[in-house]
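The letters A, B, C and D name the chains in turn, as written, and every chain counts its residues from 1.
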Amino acid sequence: MARVWSLQEVAQHNASSSCWVVINNKVYDVTDFLPAHPGGDKIILKYAGRDATAAYEPIHPKDALDKHLPPEKHLGPLDSAGTDVLKEEQAARRKTQDEIRVEQARARKRPINQILSLQDMEDVAHEVLSYKTWAFYRSASDDEITYNENRRAFSRFFFHPRVLRPVSKVDPSTTILGFSSSLPIFVSAASLGKLGHPLGELNITRGAGRTGIIQMISHYASVSRQELAAARISPSQPLFFQLYKDKDDKVSEKDLHEIEGLGFNAVFLTVDASLNGNRERDLKAPFELEAQERLLEEAQVAGKGEMPERPEDADNKLVEGELVLVGTSGGLRTTSDLDMSWSRTLPWLRRTTKLPIVLKGIQTVADAVMAVEAGVEGILISNHGVGHFAELFCSSLPPIEVLYRIRKERPDVFDKLEVYIDCGVHRGTDVLKALCLGARAVGLGRAFHFAQSAYGEAGVVQTVRILQREIILGMRLLGVTSVKELVPEMIERVDWQPLLSKM
Amino acid sequence: MARVWSLQEVAQHNASSSCWVVINNKVYDVTDFLPAHPGGDKIILKYAGRDATAAYEPIHPKDALDKHLPPEKHLGPLDSAGTDVLKEEQAARRKTQDEIRVEQARARKRPINQILSLQDMEDVAHEVLSYKTWAFYRSASDDEITYNENRRAFSRFFFHPRVLRPVSKVDPSTTILGFSSSLPIFVSAASLGKLGHPLGELNITRGAGRTGIIQMISHYASVSRQELAAARISPSQPLFFQLYKDKDDKVSEKDLHEIEGLGFNAVFLTVDASLNGNRERDLKAPFELEAQERLLEEAQVAGKGEMPERPEDADNKLVEGELVLVGTSGGLRTTSDLDMSWSRTLPWLRRTTKLPIVLKGIQTVADAVMAVEAGVEGILISNHGVGHFAELFCSSLPPIEVLYRIRKERPDVFDKLEVYIDCGVHRGTDVLKALCLGARAVGLGRAFHFAQSAYGEAGVVQTVRILQREIILGMRLLGVTSVKELVPEMIERVDWQPLLSKM
Amino acid sequence: MARVWSLQEVAQHNASSSCWVVINNKVYDVTDFLPAHPGGDKIILKYAGRDATAAYEPIHPKDALDKHLPPEKHLGPLDSAGTDVLKEEQAARRKTQDEIRVEQARARKRPINQILSLQDMEDVAHEVLSYKTWAFYRSASDDEITYNENRRAFSRFFFHPRVLRPVSKVDPSTTILGFSSSLPIFVSAASLGKLGHPLGELNITRGAGRTGIIQMISHYASVSRQELAAARISPSQPLFFQLYKDKDDKVSEKDLHEIEGLGFNAVFLTVDASLNGNRERDLKAPFELEAQERLLEEAQVAGKGEMPERPEDADNKLVEGELVLVGTSGGLRTTSDLDMSWSRTLPWLRRTTKLPIVLKGIQTVADAVMAVEAGVEGILISNHGVGHFAELFCSSLPPIEVLYRIRKERPDVFDKLEVYIDCGVHRGTDVLKALCLGARAVGLGRAFHFAQSAYGEAGVVQTVRILQREIILGMRLLGVTSVKELVPEMIERVDWQPLLSKM
Amino acid sequence: MARVWSLQEVAQHNASSSCWVVINNKVYDVTDFLPAHPGGDKIILKYAGRDATAAYEPIHPKDALDKHLPPEKHLGPLDSAGTDVLKEEQAARRKTQDEIRVEQARARKRPINQILSLQDMEDVAHEVLSYKTWAFYRSASDDEITYNENRRAFSRFFFHPRVLRPVSKVDPSTTILGFSSSLPIFVSAASLGKLGHPLGELNITRGAGRTGIIQMISHYASVSRQELAAARISPSQPLFFQLYKDKDDKVSEKDLHEIEGLGFNAVFLTVDASLNGNRERDLKAPFELEAQERLLEEAQVAGKGEMPERPEDADNKLVEGELVLVGTSGGLRTTSDLDMSWSRTLPWLRRTTKLPIVLKGIQTVADAVMAVEAGVEGILISNHGVGHFAELFCSSLPPIEVLYRIRKERPDVFDKLEVYIDCGVHRGTDVLKALCLGARAVGLGRAFHFAQSAYGEAGVVQTVRILQREIILGMRLLGVTSVKELVPEMIERVDWQPLLSKM
């Protein structure tokens, strides 16, 4: 392993029979790993015998190579000549139009104190993120629909604000699963934070700690769980864990063991999205994003009516292969557990961990009732996973609508477990609406992604402060001084659709 | 008949008193046929004494001349000088703007593996089809409304997706009238396929066979029934036949005899559109399209505010004649049966054929119940025929809405016969919605037209694969593993109108 | 009276103390008429001592001067020198931009046989009418709302088309107040037809006669009642009369006497619009249009942000005067009867005429019931009058909605008298919808204005033929063969709003 | 105090340790006032040692300096050299783009007699107001939503106009709290009128007097209460007072004592907006607007994607400071009473004043009932305060909707006290709709701001006349002759959303 390698030596291992790549000036033999790469071998072979750092870095946590590649495949460092060549190549590379645009946007980014709403924050993120990252976070134009429909759903709920009630002292704090939270909000799982900011999800952990709210950490965060746990403001800062259950129970048991050891405080079992197209991308995101980015690029090119150069047979191969595969498998990946069930999975999870259990991805009143019967501590109503998949959006009720149906049909659910929602929240009033209907707290995912992408940890803090101001102001306008006073009588679903700006 | 003819000889028969035309270098005397041409004599006289191949070819099946013109009117071949002249004229002809556009579009057509949705496929078809063909398939801009309203109707139905159900194994197959189908979809009748691709409906027959779905063949396909039957992947590949009943029972009995002999498996009797403007065009389409294209051209010119050159008296004549005629007849054609009835037509059809009978074009709960009482095997709810007629669209309920009314008012219908819908389907989720409400299968017509126009048989296969992937993914997200599990409790009609993209 | 006058002589009577005008080379002393001119004296004084033909001609019927000016004020002809001067001035006048535009549009007007819908007809009218006339007919842009809302109302009603019913023979004829009509439509009152075409309302009388439908003639038609009666195709062609009741009963009695003498067949008493801003303009239109056109011009100029030159004090005067007056009177004119009542007016009308009586302008179920109790022969539900007044539109239900409420709340009304609607009809299907709900017939006003403006009598005929074709086709698609079979079960009001084109 | 000061002397007091400013050529020592300035010290320090007239003048009433600065801080006049310098500087100052635009717009302002609707008036105001003032009055683009939603709410209410009722004599007058009003409208509180016109709220007082309607004067008018009271047309012209209660009862008691002494006739206690962002701006507006304008400028610049020059640390400071403060306090100001209650505040107010009491800002049926039980004389339903705060708008029901709910759920409220609404009124028909539902009168705030900004007192009069004309015409069309006859049967809320122009 102490040997050093020249670029010429590496370059000879440029095929599936022997495939080496350079990452951060170190040489790795990934030949045996090729078939095991969840994103497929093609995306690796593209870099066979070459430097893959730029593609690898922003989407893999630090411990990914150690976890997935045995020590003997860590071949050792590149020689200094090779290092110099790569450095020169990097320096000589001409910036793309998009990179230039991003640089300029970052240079004239408005001061953070001018960010007065979550929309402002998103606007800045849009300005300073690369096209690809923005497309990943917002799922490009199609997702606009999801986003808008969730906003439209909130806008159909109107308040009944009460007057002449003393509101000089307002306390917006609450508890979530028994843990204190300065506001009735939490960070919903968000992966691939490093695409937006070098520190990635760390910014969120720190910002959440500083402002007293709780973060749910993505199963596939781009920062390792250890680093995130170590970034807590104090040992008592709560952390929740989002679990994608593996079809091999033992793999998930190892995950749960790890996060319990790190002091995490609750498990959010994802029950909706493990088989969803884009969810899969999150699921296997560190390895898949490269392939995805290529698709994005193609889609982008195709969208403009320009045809990317490509050999005809490659196309044909894809026709016969890829889509058929996806078509017959529905995008199934081998590692996620598609056979979870109420009768088997939940007892297993209860046996495996002592942590409180929340089901993430409930979308119907019937399943909310099932969750009560299963005895979990909470449910998170969400169409986030589905939402990413634009084609299905119009078929999936916005979470606030599901919450409304639980309130109307089975209000007893709210007495038996904690109910949360996420998706589409962009104002403190949205949070208050959910609380009036019975939610304990409201999750925000993308908002914190945008915030940390735009301003790092300060952006996360600013986002919480904006929501804090809006929530407190909203409570005063409603005539309440604590979240307990937010009751169904204070909200009404109207029969018309308000027009929204920015749509 | 062995005689050869010069262009000069042909040119002398250029009037209604003696009218000859050249088609594929053969000379025909159509003088006696002039009054019998359902599209009127004018469109033929336009080519009197001249070559008519370019206008005739793409809309008539191969056996049309044999069927409609007695042998003695097949006068024989053009001489070689004439053949050369026509070839030269063809070569010398300057391409139109639209032809140039189409050529360029075909050259940079995106690879088929980039086609990820039916919208993508339609977009490519739009790019590569001539203006006239696109206008025929989409019925120009007015029809945009039909299309959009049908999409909007689907978007008002939302799923109730269930979680924690084992979905690793999903089987989307079903049977239609007892015949196996790999997916709960079928090809709805679509005519004039050769306008979009030289092989026309053959592409669909082959693609359907390869992917295990069933094709309903248009009464007025641009490929003959014999050729289509012969194109089956295997003798057991099922084929359905769309029947426009003739007012002369014997004509239709001959049709039914023919398709039974060819091994077709069911009859879809069109009950709604035999008197509809554009339906009539389909009905007599091989003979009428030329006239229609002229109208299209005029409409196009008129739409731009430019006045086509035309003698004033021709206009006056049309005022006095054509519209009055249409006005008093409602577009009636002499051959279609406008006096079909429950009491006479269905018993006749049952006596005439042993094949299963489906009524195509049911639009009300009341007629669905009538169909049950009449003992037919199935009904196809459709506003396709009406949909073509833009003026009536806003008056005709989208099929998914009719299906919903049957579910609410007369759910027993679903136990007595098979119910299908078509129109407006553009996603696998649309199919699943119809199945949740009680439909057995969902037909797609235009989608397959677009697909074969854009990529031939491969386009048809790709379309099925896209739907397959979306249906399987959708079933997993809903928590079901077979189409039987798709039940009304899994769907809800909401009281707001989601915004759609591309509208 | 035989004396001839020079322009110089006329020119000396250019003040309110002595005011002469020249019309068609004849000289009139209108000094005493000045205070009696319902449009105010200013508009006349503008032409004092000058030729007023161009302003007078297109809005006054031929008999207006005889009716309103005593014989001794008809001073006699202009001398030949003056006639020549006026002719030269007319010839030398430079055409306005708008006149040039209209001339060009008329020259390249599309052939009438290309007019396939009422929208096509309106489009041509828009092209060939002067800005001012179009503005009067369409009430400029604001009225777009009225028009659209009425169309949107129709689009919320969907058919339940029945199949397998013999429809080869369809009879769309009906009777209106016992008079035969080839279609269930009639011409609703429309005034100032000469603005659009030199023959004005005569085109409509003739076209209606030729196609077998009935015309309701406006109280303030720009062609005299005698001429219209004389233009009937046959003496038995029915004519209806629209009455604006004068506050002096005797004036209206004289009107009724006149039209009875001319053989009119029914009286439509306008009950809604006699005090409406724009209705007033119709009411006194022949005398007011000049003033109105000046306002239009100003509004047009003001709309462009350009300030017309005008003395400051004139503005101030208007502030103090005109608007205050209008403000306190609500636009009240001295001659219209604002105090009509069920108890007084209807008995008076019944006593005064033997003709059938229809109340034009009913807008509520309650007044429909009142009409039944008052024993009139029919009611015309309309927001036409109100519709002209854009500010009130959003407050006035579209007639099809009022009809729907009568059907739901008091269906017995339809058994007691005939119910008609007008406003917003642009398709044969709109007519059928109204008939399904219980209407006897449907009126079209503006559509015939546009038609005669664009193509004269031929345009009127073409409009009827288009509707005939659409009505017959629609009846076939619904499965009915006579208007009697159009029943409420065939229509449904949906809870969503279809999108419309051209909006 | 008789001493004169040079600009050089003043210039030395340019820090927080000693801060002098020049206003209207007089020198003031505001050092001690700095910490007490509700708008913060920064905005004053910006002008420390300099002339502050241009910033101070348009937002402070004449008596502000006397009220807030002790006599010994009025240091005396600037010397004549200094006066000359300031005059020259003023003359030499280059006009901004916006100032030039405004000047041009004022020069070509259309004559007032062309203003035929409130929309016309607003359009002119938009043209002639500076960007900043328009942004303040309309709260920039976001507020467009509020405005549109309130208009959309009115448009969902349709009339049932009755016919054949004598309407020649119509009386639109009413009483409000027993005081005569020529129309069922009043001026709702509007502050900072001098921003739009040098005479500010005085224009409204005079215009209201001339037209016989009643003005509610803003607690924070830019003209002093004394001046406004003195501007009354006659001593009997009623004036209402809008009270923002101070947390120190004595401060408010002094206010009430003052306005009683000036002959005001009623107190409108603001119960909703004392803690609202923009309401706060009104509350402390004279002192805060300068700061606000800076924010506006920044927002404007930021909106264009240009970054204003500013030291980095200032930004950071704001992040740590300002937003946290706002975030934790919800925008709380120390002087407004956030602890008002039914049990304490209303008895106090009743004890303190003999004037009739109206609660301004009721938004629910429940609080309307509470108001009845509390025995107040009236309630004003309003989302004006909330409306200014765009983020909350979609959560606050339009007043006409709240009125409708009171009518449906608790019609007895209308018998116990007077009910008013404001917000979104732009037509006489809007007023009539509210009256049909039970409102006594309708307030307009912004409309009068726009009117006086555009045309001074004449604009106010014109606005009343437009509404008068529309109200009288509307009453005639409805078939009523007095406001008493406007009853719930005359109005209906429909289930569709009409399209509006100008949206």
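Note that a residue touches a chain if its C-beta (ideal position, glycine included) is under 8 Å from a C-beta of that chain, and two chains touch if they have at least 3 such contacts.
Just so it is clear, the structure is predicted and the values come from calculations on it, not from any experiment.
By the document's definition of touch, subunit C and subunit D have no common neighbour. A rotation of 90 degrees, rounded to the nearest 5, superposes the Cα atoms of subunit B on subunit C.
Taking shared numbers over all numbers used, the subunit A to subunit B interface scores under half, which places it in the different class.
A straight line joining the Cα centres of subunit A and subunit B is 45 Å long.
Centre-to-centre separation between subunit B and subunit D, using Cα means, comes to 64 Å.
Shown for subunit A are the residues that touch two or more other chains, namely 495, 497. Taken pairwise by the contact criterion, the protein chains form one closed cycle in which every chain touches exactly two others. Contacts between chains, counted with the stated touch criterion, involve the pairs A-B, A-D, B-C, C-D.
The residues of subunit B lying in touch with subunit A in their complex are 108-114, 116-117, 127, 154-155, 157-168, 170, 427-429, 432-433, 458, 461-462, 465-466, 468-470, 472-477, 489, 492, 494-501.
Subunit B makes touch with subunit C in their complex at residues 141-142, 144-145, 148-149, 152, 156, 271-272, 275-277, 298-299, 302, 305-307, 310, 312, 315, 318-319, 322-324, 326-332, 338-342, 345-346, 359, 361-364, 366-367, 370, 386, 389, 391-392, 394-397, 401, 495, 497, 503.
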